[in-house]
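Listed next: structures, encoded as structure tokens.
After this come two complexes, each holding chain A, first together with chain B and then together with chain C.
Right, the complex of A and B next:
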């Protein structure tokens, strides 16, 4: 903990508008794809998005989780989505992103990045998904079912990736299981799109994804600096590019620009939170409608440095032989054939840190302890997220592991996408009490 | 005599732990607890290990609060609670076959906090509709077999596997024959009795269970049911061992003539075929079986199966139960509703928790039964 109160210089990110425009055009490109003769597909943020890229440069996607988060941020629209889903007979306990997404479809509305709601849900030409949590495949199975009720046939392909997690190289039969599905998937894409598949575009997209996801990890690693050049609330607006378009060249290019700027901020001692004196990390998705809790933290001089979620949802990491958790470098050479590209992206993806906890809680606890240690964090805020089974699975075990390691932990319950399950006043009051128990007092304005 | 058979099934459930301890004392063999029916019991039996399903006790599972976030289903928390309370202290090991995140948590918390000599997780594929699933699962099962061999200290031969397959196939086939008697206009077995038959099969030595089934099948043709079957109901959902609920509904003038539960028909439908590679044959059975909704995508194949069952067993209505927080089953409620509607079978959803609020449920179920018997025309 920093002993004396000090004010660091702070300034906005220069590339902020670029990030904003990228997000804006992403949603608009999906919406308007057909006007330009392009294709659009729907699927999850973790789907193998590089594979449909082989159908052409005019293929646009909307990924479900960031889309669900955008709806969650706009609480009025989210409430309408929840109502529509419950009226259709689905339980209110399901994944909140999924309900937001279905709700928009049922309402026949589409939300853009800035919250503009347009009439007419843009039906995807096909669904390209993967499945690791209980809801991933089912999410789009229902999308397909709902579209069919509207008289539209949307073909769906879903790749099963639930083969377990290892800090070592995955076993070959597990890799082959997934590669085999993707090989079939390429043929399926050709069939449903009527287009000839371009292996070179696939190789480019795989290469972009590996670079982008490695670069994002490098950017997060820069947050080990004191003061931290980025705070997590800002990072949410930056990591999202990797969840929307990790395979696209503009994503890798943006992360290169961002990395250079963040490096420069570190060199110049620029802080995200000017009165940084207590460093925390969080866990799982935040309650998107209530990001103001991060501003509440700043009133105590607290900066949230990130989380395994914001670092590892798309960022790729690995352990060095001496036990340091570091960005995983992209391979030196671009894959040159379809087979090489599919194998490369599967092996790369199976190392995704945010997949570890699905299978073994100890692995996530180990990574969180590494972050606390290497990023010099003073405490962990665990969001017991009722909106996401996938990222809340084993979270109680993670809490026990962190507490056993002597790390102060603040658990709070909420929901990333359903405001009815987040108590802002209560959480803020408990958070204040936690910070005070850590010896912090609210800073004077 | 028939009643004695059903009483035996019930006793086995009520005294499952005493049974297992006595079995262990008698045979000097190992017992493995499993959480989900995706664990291939064939291989455990081949290893002379008694598989017993870990199920809850329907008491509030407060002891699990430090280990599992309470937004996960009551089943996984209730299962873990049994371990934490020491009720399965005779287990030599635990095994889980991948089905859902919920039971995976119960497995991991058990592995981490309850002394266990052997804990094995089989990554049963979710993509069972792909052609790659069975060969992949065969790899996983061969790995599991090797691990078991290390644990028991001997090789599991093809002959052992043949025995495991034979025992499981026979038990499932016998129970399926009993299910045939549920198709009758006046079924010779109630829904509660069927549930107790299947549940007990998951808790005791299968060969012993099969002997009782053979006896039951001899006696059932002569069984006189001194009850009006009333409304023919189907019950659909995930794990369900709430026998009190079954009995209460059947006391309202209804009979559950068929179920689609993993403590019921989903457990016993499908057999292991004859293939030279025994492990591949077992893998194919678990890939081709009626799927848990967690594995049933991109097509709703289970919904078609449910519709077939409803028609074959002449169900007039269906209760669709969802264990609270179970996403795969919750997601399927509207698609199932629509699928059954196409064959004229109305559905009614009920959300189950560790205990069931029977007072409220009674009113709701009675109202549903009234709609099925045409009484709504009066209003």
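Right, the complex of A and C next:
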């Protein structure tokens, strides 16, 4: 039996094309950096990307995780990458993003945002990474090793961030441990690039990053509205700017534009899912090659509002004294010296919510419960993601915490970057069972 | 009101015709390559046994992995499709109203469902593995060169416990071959196989928690060798209703009779 329901007005985002163009030019800028005399660096999306910005405005990066996700989205290329990596002797149990990245390197091909594949992997001038999970540092050690096999020497600097997440103001010893490494890192950057370091550019980049990451949280907070103005599938195309270029001015500017548009959608009651009647959140990266599962959900009138992952990987949040989880405002003043800037970005980063679960799973559960409560979610879909040990760690414990709180939870197995480990038909069938068990029926086509 | 529930499973299609809460007929048969035809034949048999025609049925609901194949397609012309989990819960609570935990083990899937008054509270399904399903017993029966229906009685004759370590149907078959070569009796091997499947199903069901009454349904519930080790693993008594393999179809028929549920 099918049902017909109230339909909310819906319309596409006006800034959608701007988002597409930003992402397109990001990869092209990296690819073509040398033609303009610029520099290229590689590293993780969680690295302190504001620091290399002090080398000049013509310094471009490609961040590994979004690049791995882009490959995963283009499944034919991803399959070739997996073959190349396995042929080289690496096991398929490793981080799927990392394997995709290595695969492209082994194939000596570079994929652009629109799926265009370019011959010749653009070698970075240096690697700037941090070691947030078991794979992150090792990832680029292998990149360095693979490049060396091709006769290219790529210097690498890796910051250890094992001091962990802080829910409130981070302790001094944690901050000093990382700031000390970044001070050395600035000297290292000067040495490997041959450029004089510009502290003013560093201050600007730190300032941009704080504004951008605070703005993204404000955008996510607007999704508390009913109907939700954004759905998570769309949000993936928007949050990604923060994973690519969180320190660049165009990122903060884009998020300011987006925030205004989303606010306007809320004011006018514009919905992301016209038949919204059931609200869920998810967890960890989705299976990127199978984002159609979000469209399957819509057939039941289900909107995915986001997740701790999409809200807190980039967005900055804090708890108010009365226990509300709210966007953390950027500091009122821009840092003015190298020391101030390094300290500011480290203190800021140590509050990043998506770091919590590495160290304290109960904090992740607490934040997920806050999201369920404040965003008025009816259930949680947990992706037991075999492709990311880092974000999957403790996820079963998070499930128990949510279940104990009386929140319906649907776990499903998959892999963010390796389609061989995701069963679309099976997952869709189980999702249907879950929604039916929640009293939902498929909507009339 | 007369309704029908059609459960198109991985191996068998089951049909239940219901009139005002009472079962008029049941029929089952193998699902072949042509799902619609084989399920349709079973449906026609159930209609014939009940002495009615399709036009006498107010509603027909389909469940099981092949349910979409019979939606609004003759001869079944199912009016709606329902997931196995929801149908199982409704059916189990129809036959055992005190049920709180339903365990459904079919040919290719095992499910654990927490229920309350016929509604699903939580559920878990085995993921992409036959090691916790009826196919596992069939495969092992082939390795032992015995009939699958003999496996249960054989296992009940054994008093020895032989652990099977393999977590995979394919590797478990190799383990069975090794046991055969080691001159282990077939009864002991049959018990080891049932202990293994019970272990896998129980560890899955424990993820949603076990509350009395526990009801075992699905085709594997007909196997007398499976219930005892499962009771031991879960440390609780298990109720196996009459016609356990028809419970999903019954649930679909019950739901079809209450479309505004």
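In this section, the second predicted complex is superposed on the first by the 441 of 445 C-alpha atoms of A that agree within 3 Å, B and C clash if a C-alpha of one lies under 4 Å from a C-alpha of the other, contacts with A are read in each partner's own complex, and residues count from 1 in each chain.
By definition in this document, a contact is a pair of C-beta atoms (placed from the backbone, for glycine too) under 8 Å apart; a residue touches a chain by one contact, two chains touch by 3 or more.
On a predicted model such as this, the values are computed, not experimentally measured, just so you know.
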Practice problem: Could you figure out whether chain B or chain C reaches more residues of chain A? | Solution: B
Quiz prompt | Partner chain(s) touched by A:163 [first = chain B, second = chain C, both, neither] | solution = first
Practice problem: Could you say whether A:134 touches chain B, chain C, both of them, or neither, answering first, second, both or neither? | Solution: first
Practice problem: Please indicate which partner A:93 is in contact with in the superposed arrangement: first for chain B, second for chain C, both, or neither. | Solution: first
Practice problem: Answer with first, second, both or neither: which of chain B and chain C does A:433 touch in the superposed model? | Solution: second
Quiz item: Touching A:390 in the superposition: chain B (first), chain C (second), both, neither?
Solution: first
Quiz prompt | Contacts of A:408 with chain B and chain C, given as first, second, both or neither | solution = second
Practice problem: Jot down the residues of chain A that show up as touching in both complexes, chain B in one and chain C in the other. | Solution: none
Self-check item: In the complex with chain B, residue positions of chain A that touch it
Solution: 88-91, 93-95, 127, 131, 133-135, 137-142, 144-145, 156-160, 162-164, 173-174, 176-177, 180-181, 184, 358-362, 384, 386, 389-390, 392-397, 400
Practice problem: Within their complex, state which residues of chain B touch chain A. | Solution: 65-69, 71-72, 98, 100-102, 104-105, 108-109, 112, 121, 123, 125-127, 130-133, 135-136, 139, 293-294, 297-300, 322, 324-325, 327-328, 330-335, 337, 349, 351
Quiz item: Which residues of chain A touch chain C in the complex?
Solution: 1, 403, 408-409, 413, 423, 426, 429-430, 432-434, 436-437
Quiz item: Where on chain C is chain A touching in the complex?
Solution: 65, 79-80, 82-86, 89, 119-123, 125, 127-128, 259
